[in-house]
Each structure stands twice: as C-alpha cells, then as structure tokens.
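Letters A, B, C, D, E and F name the chains as they come in the text, with residue numbers starting at 1 for each one.
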C-alpha cells in the first residue's frame, strides 16, 4: 500500500512528525507509533463531518508543528522520545464501506505486524471494527482487551438496515472473536441507547460497562482500578478506543451524537494518561470529532491532546517509568 | 382549546410521542404527562430566541424520533411506560403578553385537572407564572412547593416598567398566594442580581435559596437533602422549574442571560433524577433555551435530556420503584 | 414500500403538505407532485452534511407550515392548486450505497409510474443517477432531456476509486442510455474540474454546457433560449436537476463544494420559473444543501424557494397559463 | 421624556454623534436629524433578535466612532454638515406592546414637531406604525407619502391573533388615515405572502407595489422614476422605511424572515441615495436587523451604511445640491 | 495623557461606571480602582482577536449598564462601594509594540502612583509586562508578588524572533527585577510548553508553578493555601494576572491558545474571590479573551465576572471584612 | 533566507505545488511564479485574523491538493503549464513590524530578481508596501504601474499614530517613488474614508480611482478599458493588488473592514482574468482574508480562485494566447 496522503485537503502529518509509507518495511520496523487517518463518516447515524476529523486532529494545536511536544508534567517529549511517524490517510471512499473498511484493516494490520502501535484518527466509530481487528490479527484473536471510552455502547445489531454503522462495531468485534466480551471495558455510557435486548446480549457476553451514574457514585479512579484488573487478566495487550463524545458536550461539542452528562476533558486526559502508563497499549483510536460542529475548534484540540497524552505516557513506559512525579510540584527545588 | 400545533415551524411532537388535543377529555384523562410548548420570549430582559425553544427541545436528539427512550441506568422507557402525549404549542402571540399568559395558564390547568403532569417547554421564564399557577389552581393554592433551578432568583418587582418579565414570575407566584414563599426552594443562584431590597423581600417570605458558594461548600447532595425536607412539609405536590441557565455557560451557552460559575450538566441531570424519583412532582417546566445562541445544539440537547431524566424517574415511581441500582454495574452478572 | 418517515429528526412534510405512503396507489394516482427526501451524503467528495438537506429544505420557511403558498407574482397557490404530497425520506443507510440508490430509484419510479412528478430533496448529487433513471424508466430511455444547474459537470469517471460519487452521476446516466448526451443541458459550470479528458468525452457525447463566462457574455436569457430548443427536440419530458452550488457561495454558502463566481439567487429563481412555465418537467431534484455550513439558514431557504418556484410555475401550466403578467404591476388598477 | 439611554448594553450613540435628551427643546430645535433606537422584537413572526438591532446599527463600523463620516462620492460629511444627534433608545419593554408603541410614537412625534427628521433604528417592522404615525401627526394625515423597501407587503390584517405584528403596520397606517394607500410605494416584494384577499385590499387602496419580477424586467431605475412621481403628487413629505430583508439573504442574512431573490446591497444603497437626494424625506426607519443571525456582522454593517447614505444625501440637499458628480471620476484632474 | 477613549468601537466604560481622564489627578486620587483597556493582540502567537477583548469584557453582561452590581453572596456592590472609574483604552497601535507597551506601562504607573488599583483588560498576555512593571515601579521592584492563572508559564525566552510576545512577559518581569521569581505563583499550567530548558530556568528562579495534575491530586484549595503563604512573605502587595485560558476550553473557548484540561469557571471565580479577600491586591489584569472565537460570548462573560468577583472581594476588604458568610444560606432567617 | 515554512499550523503549499527555498537560486530561476505567505495582521485597523489568511488561501479548495488545476474556460492548467512553487511563509513576528516588513520585502525582491512573479498571500494590506517595493526594486522605481482592487484607497497618512498600518501602504509607495501616483489605478472604492485632505493629496498625485458609483454608471468593462490604457503608458510591468474587501460583504464576509456595496465575486474574477490576460503582470498580492470571520470559508475560497484565475490567465499569456474562446460554448462541436 503506497502512501495515499490526504483524502481531504493538504497532506500534512500529525504535528509535523515524519511521513511514512506503509510499503516501506524498514521505516515501519523502526517506528514505535504509526499515525493513520481514517476519514470515514459513512457510519454516522446522525451528524456527519468526521471525515474531516483526521485533518483536524493532526493540525489543531497552537504550537509550532515541529514534531516536538515536551509534556510538562511527565517530562518526556513523545514525538522525540518515541519514533512517531504518520502514514497519512487510508483511502476510504465516501459511500464505499466495504473497500474502505478493508483498506483500513489492512493498514492497521501492517502497522501492528511491524511491531508498532497504530494510532488511528477517526472518522466515525465504525472504524473501530477494522482498527481492533487489525491489531487482534497480529496479537491473536482473544488476546487483546479493550478499554472503550464512549457515551454509547456501540453494540447495536442492525441500524438503518446495516450491520456496520458507528453504533455497532463493538458487537461485530465480539461476534467475530477478535475481542472477548469479558475483556471489554466500557467507560462513560449514558443516555437512552441501547435498549434491553442489546443490554441482555452485552450481559451475556460478560462485558463490563461503567455507566456515568456508577462513575459519579464511585469515582472514576475506583472504576479504572477495577477495569485495569480485568483488562490484564489473560490478555497481553490493550486496545484503547476513545470516542470523544465520552466527554460532556460542553467540552466536546463537535461530535455526531452528543449526549449530555459526560466526563470533563480533564477527567478524560487523566484517565488516558493512567491507561498508557500502566497498561500495555497496542493500538489506539480517537474518533467522532466532527469539525463542522466544532466552534473555536475545542473538540479537535481535545482529541489532539488525548493523542499526545497517550503518546507521552507511552514514552514514559518506553523510558522505564516516571522520573518526575506528575502530581508533585512542577519545578525542582520548591 | 383545539390543538394549535406549532407556532414556528412544523408541527412535531416531543421525540415522536402521540399528539393530543386539549379538547379531547378522554385522551387527557388517559395521559400521565402532557407536553406543552410555550414559545414565548416576550419576557426576556436580554437575548431573545427562546420562542424557538419548544421546537428545539422537542427535536434535538440524534436517536430516531420513535416515541421510545429506554433509560440505560434506570431500566425504564419513559415514553412507553408512561403515557406521554404532546399537545403542541400554546398560542402565544409575540408581543401580546396578556393573551399569551392566559392561554398558557388555561392549557396547564386543563392538563393538571385531567390528572396528568404538564411538562412545559419554554420559552423564557415568564412562563413559570402561568405554569405554576395552572398547577396550583388544581392542587390548591399553597399546596404545591417549588423546586427552582436557576442562576437568578426571578423575584424582581418591576423590570423595564413591567411586572411580568422573565425575572419576576417567582415573586408574582408568591404574591398571588399560588405558592408559599416558605416552600420555595431555589438552587444555583449566583451573580449580581437581585439587590438587597429584593433579597430582604425574599427573606421576609422565608424562601430558601441555595447560592452556588453554599452549594460548593456543602455539596449539592446535602443541599438537596435539606430542600427535599422543606418541599414535602405540608405540601402534597412539587413543581419543578428548570431554567437551563442554572448550568454553567460552558454547558448551556444557548440561553438569554448566561451567568458564569454554574452547575455542570451532569449535576443537573443527577439532581433532576433524584427529585423525580423521591418527590411527588405535579408539574415541570424547562425554560430559557435560546437556539440562536446554541452552537452545535448542546443546550437544546441538555434540555431534552432534562425532560427525559425527569420522565424516566417518574416512570420508575409509577412502576413502584427502582429494580436496578443506577449506581451499580450497568450489566447483570458483572 | 411503506412510508419510512424521516431518517434524521422528526417526520415532517414539505411545508405541511399531506403525507403519503408510496404503497398507497390511490393516493399516488391522485397526486400531481410527490416530494421524496434523499438524505444521502455518502457521495460527497468534500464537506458532508447533505443528509440533513431534506429536513432543512422541507422546513426552512418563516411562514406557517400550513400547506399553502400563494405566489405573489404568479397568482397561484402551488400547494393548493396542485396536489402535492410528501412520501417522507427514502431509506438510505449511511455507508450503504447500493441499497440506498436502489431504494431511491424504486421510489422515484413508483411516483413517475403513477403519473406524478417526483420532487427529490437531496442529499448530494449522487442521487441524480437514481432520480433521473427512475423517471426515464417510466418515460423511456432517451425520451427525457436534462436541464442541469451546477457549478460542476458531474461527469467524472472514477473518483476516490468509486464510480458513484456526487461528481459522476451525469456520466452514468448517459452511459446507461437513460439520458441522451445531446439532450443534456448544463448551466453555470465554472472552475477547475473536470480536466480535458472528461471534457473530450462530454464533447463526444454532444452535451451542451454553458460555462459562466459564456453566460456573462451572452446573458442567461439568451442561453436559456438555446437550451430550451435543444431540450424539446425529440424529447417529451424534461428532468430539472438543481445543484444549489450553481449559485455563488455568497448566496449559497451551505453546500459541499462551493465554487466562487456563480449565479445570484434571483437569477436561479427566474430561470427555474421559466423552465417550469415553458417546458414539460417530469422530474426535479434539488440537491447539495449542507445545513452544517449554512449560517442563518440562507441556503436551505433558497432551496425551499427553488422548489416553490418550480411548483408554482407547474401550477400555472396546469391551470392553462398565466392570468397575471409577473413582470407587470403587482396590483390591479395601477 | 428624559433620556432613557440603552435598553440593552451600553449607552452609545450612532457612530459617536452627540447624545440628546428629548426633553431638551433647544437641542431638538437645533437638530437636523435625531436618531432613535426602537429595540422591539415583540412583533416578529419568526426569528427574534431585532431588539439588538439599534445597538448593532449604531456601532457596526470599522472606522473610529468620532462623529464624522465624509462620503467619498458625495463630498459631504453627513455627521458634520448636518446636526445629527442621538436620543438613545425609546423605552420599549419586551412583551408590553401598547406602552412600547405609545412611547415610540411620542418620541418620533417630538422629533418631527421640533422640525427634525427622525431616524429610527429598529427593531422589527412593527415599529413603522408608530414611526410613520408620529411623522404624519406633525405633517398632517395624508400629507406624507411612503417609500417602503421590503420583501413583504406588511399589509396583513390579523396574524397570530394580533393586529400589531411586524407584518401589519402598513395596513394599520392606511386604515388610520395616517398615510394614503395611493401614495404608498413598495419596492422589492416577492415570495409567498400575502394571499389574494390581502392583495385585493391593497389594490382597492390603490397601493403601488413593485414585485421583484417587475423590477428585474424594467430595471430598478425605471421603477424608481415611476415611484418618485407618485410620491410627490399632493404630498409634501416622504417617509422612507427600509426593511433590510429587501436585500437578498446573501447580502442581509441577519434578519427575521429572509426571502431569497432580493436586491443587492449596492442596489439598495444607490436607491436610498437617490431618494434622499431627490425627495423631501421627513422620516426614516431602518428595521429588521437581527444580530444573532448576522454572521460577521454584514447585515448590521449594511444597515449602518443605509443610514449614512441617506444622511449624506440629505446633507447634499441641505447644502443646495451636488458639487461633485458621484458618477464621474472620484478625483479632480483625471 | 488625555483620555484616548476607545481604540475599536464606541467609547464605553466598564458596565457604565464613570469615565476618567488619566490627566485628572484629583479624579485618580479619589479612585479605588481604575479600569484600563489594553487592546493589543500583537503578541499573540496564534489566534488574534484579543484587541476586541477590552470592549467585550466591559460590555458583556445582560444586566443594565448602570454602574451597580450587588454581589449576591458577598453583600457588597463593588461598583458603588468602591470608587471604580474607567480610563478607556490606552493607545496601542497595532503593529507598533514599543510605543504600545510604553503607553500602557505609563498609564498603569499613573494609576498605581495615585494610590488606585489598576484593572487592565487585555489584550493578549504581552500586556502583563507593562502592567506588572507599572505597579512594581510604584511599590518597589521586588516588593510585589505575582499570582498568575494560566495554562502557560509565559516564561519563554525568544519566540518568532521576538522577546516580547504573549508567551514571554513573565520572564521579562523577573529578568528586569520588577518581580521576584521566588514570589511568582503560577496556577493551572498544563500541556506541552515550555520545554526543559525553560523549566530549568524557572526552577533556578525558584518559581512555584502548580501544574493541573498537582492541582487535581491535592485540590485547588490546598494549592492556594501554599501559594498565599509564599505570596505574602516579604512582599507587601500582590499582582493578580488572569489568563482566561487557565479555564478549560469548554468554559473559555474564545481565546488564542486554548489548552484542554483546565479549571472550571466556578473554580476560577472561587479562587479569585479568595485571593482578593485574603491578599493585598495592588494590580490586576484579565487577558486573552478573543471575541471572534467566543460563540455566545461566554468567555467574555466569564472575564467580566472575574473582574466583578475581584472587585467585590476588594470591596469587602475595604469595608473591613465579611458581614455575611458566602458559604451559608443566602437569605437571613433560614 | 532558508525556508521558514509555516508561521501558523502545518507547512503546506498552495494546492500542493512544490515547495521551494528562497536560497535555492536554481529553483527560483526555474520558476514562473513563487507563492509567498505573509501572515501579518499587525497593520489591521479593526478586525484581526488575516495572519491565518495564507494558510486559508493555500488550502481552501474542495479538489485534491495535487498541484493541478485545469481551468474550464481557458483550457490551461496553471499549476502545470506554469512552474509555480511555494516558498512558504515569510517570518513576520506578530508585533514586530519593522523586521516583518523587511523580511517580506527581501523575499519578494529575491523572487522578482530571479525573474519570477511573486504571488503574495496576505495578511493585511500593510504587506502591499514591501510587496510592491520588492517588485519595483527589480523593475525600477516608477516602472511598475499598480492596479489596486479595494473598497479603500489605503492612502492614509497617519493612523493610530503609525505610518505603516493597512490603510497607508499606497501612500508610502508613492512617497518613496517606488510607484508613480499617475500610474496608480484604484477600482472599487466606496464608503466614508479617506476625507478631503487625503483625497486632495491623491488628486495632486494624479491617481485614478474608480469609485463604485462611477463603476455602476459606466460599467466595469469600460472602467477597466480606461485603466489598462493608463497602466501601460510608460510602464513595463503591472502590480496587481487585490484586497478581497473590494467585493461586497455578502461575497466576502471574512475580512477586517467590510464595506457594503462592492463588486460581486463574478465581477472580480472576470476582471482579474482580463488583467492577467492583457497586461504584463509582474507581481500580485491577495490580501485581507480573515478566517475567523469567514463562515463556511467562502472568502478564502474566493481568494483561492482569484489566485487561480490570475495564474490561469498568465499561463495563457505564456502559451501565446487563447486557443479557446472562454465566452463561447464550452464544448467543441456544439
């Protein structure tokens, strides 16, 4: 697969990191993380626009796009301490779901097979099916657990007559055996979907879903503790899927299906950091950023920071652990 | 009063529930809840636009408008388990306050008299005067307590030379005897209005107003505990009036008089659920959603969810109580 | 095909006309015009959002949605003088092009077969392929000429690896034989697409395309005169396809691929009126309205008026001609 | 009536001209033009927001607010060559139509009686009733002709059960005898309102209404020539009422009831200049600017320039006529 | 320096307080607080627009601009109980940094020398250099401590080749000796700037910077306790500099360099109140409000409230302390 | 001067053309046109934001960014038929006017000296001083005529105390002798600036300024004819400076100082094409696009097309003239 570049707009890379061609085996082998754009909004059940998500997440940052981002509290520079490269967008023709999904799964699998972590920028959440499948094909079906931030369970069976919309990828992943239902952790669910039948299916698969009421009652930290224990039981790797609508619409207005009552952006960033510090993350997607609804670009900025928070924590892991306590004073000597 | 339909735009119902005509006594008698649109922004002291609030609250939801909304954490479907119908908008001609208010009070009273709970979609907060009066006329003046979420006390005497703007309905309700000052609970007040004279009047009426500083210091739960005790003392019913500006402008930008420093949308939803689970709510209004200022429709979405949270909790009450602990794991068996 | 209703949002009809079910043969037979929503944006090569076009075009009007629209200058009420009904949206699942297109073609064909004029509200321009095919299947392949307002020729061969995006329907229509290239009239082309190869194909098909420079030089009236002559040569019916981006982005900002330098909204309305007054229009689509980019809703309002202008002129034809000269004084006696 | 100041926001004056108190007889007597804000949107049949129109029209200008505006082509400085003062907003309490209208009529009449020209900044078009009545009370009922730019005739009888919305002032003015129907010139009408009954009434009153189709066919200049002749027949003064929606929504999106197919802003400015150069204008209102819908403030900017164009032409009249041909080269010697 | 007025738009004062001329020594001497506009966005490293900040902060309030703001919870009216006057904007020509900064420093120094507290409305954060320097020149270099709310340390050395952008003022202040590094308290830092070299410089200057991770871990109250102790050690006065981007973009979208994961608006207001209640604040600036990105004006509203919260607390101090416990019941007798 | 890249955001090139380094003499020598970004808004007298203009103009196009743009009517592909390269942004630090302007002038001069045409993407109009100076330094002072599209004369003397704002470059250019006043053609002026003194200076310099009233009266074609004759009299080259505010705000809302009553985008495109077809254009700038005010990106799209129209016409000139009549039928054989 030669580098396709950008499906919409100029061919830019995530904050200026080096581009890579998926056909370049040496380059892939040298990479720690490979960014992939998945400009697909064909699965969206409501507002479209996530096709522009990859471009927005790559570029929404007021700092120079110079391939360097020193994290204040973690004292790593993820874009320097890790080898992060950007393979551009995967060719995902609007309206052509089958070829789009196949292309994405192949690209993700290439990256995972080369030993790098794919960081997929959505796109709507339908991309999670090829994303996690691509990773599971490398690590082994059933060997990868899922931590899934979302307002919605995305475990629908059939929607608008289709099996492959953005509300269904998690079901397809479990049905195919790519992921185990009992290693599937969902955080931030709320609202009015899905109904009892689907919930029953989810229970029968032994999924563990943390609804917001539980999170408010117990605290997010406590819920994450429980989730981490499950995630690492018999699984060697973790896929982290972040639907930006897990945050409250006040913090993430630019999304397709905003559901009031979610996490704050601070909570999401802290949780993502902890996950990538403590767990063996093998794949990530950050999805459902819809620029046309994103006034002042705050949702894209949040998604960009979710990526950087994850990368920074992964850089800490690579270095062998924290050298600075992020919860202590920022500066030495005080 | 024959069904008027929609004052602005197409004649739609709240998320697709059945329409009803207020003249149809049988239909009213069969209803648990009747939705009424109050498209009035003649009382707004600043930004207008709440005339489009009823339309926005009815329709701002990414799910199909199919008259079904299963609540994830409560395991009820308010639109199915309750008989919820929508009487359309009340005729409230812009600029004609007297006729508008009389029409609304009559409509609310019709609903309450039929034994149903009126759910009024504002419109600006001036509609609370006819709303609560209509309910009190049925239950008895002084028999209905008020729980009032708002950044503003709305107890002004005269504003712009008028007694009936959106900053005064609470005073008029107490003056008329419809509601008792000492059963008037206000939650979320803050900012720079009203001044000492009005506060003195409020104190003299023995209102209980929770300013945000108190709420932050004590916690919202503790404040609600105190409020619930007062609300049920000698009163048989509760009117719940939610001004969306009780939330911080970050969570509810689309409103007429945004006051920084408010509740989060999560806090509001949790409080509304608790009220409708624990108290005998006899009337509700959700007001001050101003679509022209509501980028990405997040304020309308929040108001829609406030309605559904209230309805869902009422459905639990109707069923006889919780069968699922909303603060426990979402799925059985984990 | 039973009435599907609305794919996104409430089930409303065009300005409040009666709903119809496509399975109701009697109702169809009685209709002059049947409105169909085609909420598809899977063919868009750039900005999405046209899935919300049908909802926006149906409802963006400040007048009451009462099924009546007396045209000032033509002295007809299209929604009364014609039997206009609305079949709701056709089921077009996002991301599932084949089924979506098949459903739309079937619906259009049903309408045309019943003797009514289908008025399809897009959606992106990919819908023109099923729209015009559905009409041509009834009137006969090669028997329907096309008048196509657009900034773009939409005669691309392959785009993003697909044959069926919104830039290709016109080619597919000619290739299939549904429409004759030499009865294909394009008005308003401009900009930087397509390239020489495609232009050569168009010339070989003997299409007649009026680029904006020619229109400015000759005047639109003169160009229309020429187009009308071609359109009625050997063809018994005309399909009118209006891509709203034929207008300048100043007049139609809410669209997917805005190309500066287009017609004014006045010019488009006048042209549409003339077409429907003078030609035997058998099918219409109005496409590429993208609400997320449509500040103050002016593009949706324009598309709504394009529909009404067409319908009003058709009502004049049905009545037997003008009784009032639209270019004369509006009021009698002056 | 003491100066009320600003109903919404800070007390500013039109581009920094001196403030005036309507109680100050000497100041009024010295004035050529008195600006009055009419922050009323209680008559709007659809989008509200014109209450912020006066503030927006006064201040939307990128030049310093210094009370000076030299007109390039006319070579006058209207704010210096005329004595223009600003009386602030008239107290028009939202929702209190009667007192609002009475206050405005009194204020306009005060100005006219003092020999100055009132320039009223709306607000919705309901203000035209008190505006023109106030002027006619000074000059004599039937002595003032009207030139009325609008997409809508505003001659409705009853709307939403009210006689005094923004769609009815012109009928009320003729019914009361303030203005003569046969000296009522309407320019720019289009669309789908009013219906035949109202048109018949208008014809019976011998109004002269130029619909856009006539204007396109004949040219605006020709239509104005005819209008001017009627306007000055037996009338000594002219009231100029400019509803900004006479312009196409592309040029004036920020308005309550946008109707596609209108004038360009250039055409409106040229027409207003000609009117104020050639006719004895005794009162002006500029209405229906709705800032919440006015992206990038282009509608407010246009309304501001309509005021300045009128004032500049009036300054030329005061000076005794043109000293520079605005259609000739701008600079001497070339 | 005679009153310059407003650089952009009308000459208004903060919520209608009296204007003052900096040349009027008596007026300055009588003032407790003098508002200064600093309409400068020449230092912004990314989004511009803060030049309109002073205008927006002065006027974004839905209450009448009447120079009175009774604080609900503190029971003072800052605009009445303090003598607050507004000196208008300082002349800061776009693109002319040296003269702009010199003008601002002179104006601030005039105010401080007269014994009043300057309240500077930015503009971008580059204005903090003249702001704090002007205050320190009066109280003595090294005698004023700094409490600095910000997402960014603003201690950069050279940016875009310049020493004086909005990311550098804090370094310049320490380098010049105006402020002591070890009395420099920073609250709310986060993100990916500056890098290790600058952090080392900050540590060497013994700055105390509270990053968000520390704030989340310890609680803001605890961090403030520590900060207050440092701030009052050997310093007689405190400068409070509030960059509105210390708040999360959800609460403050209208800013130049939004960094996700910040404080809520409630937290900021509570902290500012406590600072001005407990510490001897001698100067304030509120900066980085960028109106073009401020949908529904919520960021400007927050900045306006930050000013009022500070002023109200200062009014309490002037009165000699609290007479009402803001954390207790709002109304007496309950 | 090594390639600086992008001052704001990712380093992209105009529609994907090749990048170039100004230090690469061979590359410059091979170029026909060199694009330069001038991200400066320090000269703006009102709304800022033009610093993001270069990024917006380079990338606002729905077609693939592939370095190819076949012009429909001219039958050239400017980006292929000309050697167009992009040198990225010139380093123009916000707030540092002197260095910014010097850098830009040097860059433009490098390009011109290499025999290529500089195409400068502003930025505000202050950049015209270094732009035209850089070109005149190569061709000789007084040897280059200017065709200047603008609502404003930009011949101010001192503004905000500065000589170098965006309202003054044209005066500076004439004063320095770089350009001759009597070969200075201005098209589209209107509004209320500058005043008589400046107009007198302009007349004394024998500038030829076409105000909109003259353009409406004579027609733009006629005005251009006159302008072309002057432009080529004794001058060997032409500089084309397009301030996008020459267009009406309806067509170009995203700009700093919008003045109603301007050209349509069609008129501007046609005029630019004619200029570059008929005159020896040696330098171009396209300025005053302010993205924060540019809803739906229509102003940036227009500016992009102005560039392409100019380039396409230059490609025709390079080829030796038209091979296809743009005013004739688009397709051969019809």
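FYI, a residue touches a chain if its C-beta (ideal position, glycine included) is under 8 Å from a C-beta of that chain, and two chains touch if they have at least 3 such contacts.
Predicted model only: the values in this text are computed from it and were never measured.
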_Label of the chain whose CA centroid is most distant from the centroid of subunit A_ = D
*Would you mind reporting the rotation angle for the C-alpha fit of subunit A onto subunit E, rounded to the nearest 5 degrees?*
120
*Taking each chain's centre as its mean C-alpha position, how far apart are subunit C and subunit D in Å?*
38
_Between subunit F and subunit B, distance of the C-alpha-averaged centres to the nearest whole Å_ = 56
*Provide the C-alpha centroid distance between subunit B and subunit D, rounded to the nearest whole angstrom.*
40
*Residue numbers in subunit A touching 2 or more other chains?*
45-47, 248, 250-251, 264, 293, 295
*Looking at which chains touch, is this a line, ring, star, complete or other?*
other
*Determine which chains touch and list them pairwise.*
A-B, A-C, A-E, A-F, B-C, B-D, B-E, C-D, C-F, D-E, D-F, E-F
*Contact residues on subunit D for subunit E in the complex?*
6, 9-13, 16, 58-59, 65
_subunit B contact footprint on subunit D (complex, rising order)_ = 7-8, 41-49, 51-52, 91, 93-97, 99, 126, 159-162, 164-165, 292-293
_Under the stated contact criterion, what part of subunit C meets subunit D in this complex?_
62-63, 68-73, 75, 77, 248, 250-252, 264-266, 269-270, 295-298, 301-302, 305, 308, 326-334
*Inside the complex, what are the residues of subunit B that reach subunit E?*
45-47, 189-196, 199, 202-203, 206-214, 216-218, 248-251, 253-254, 256-262, 264, 293-295
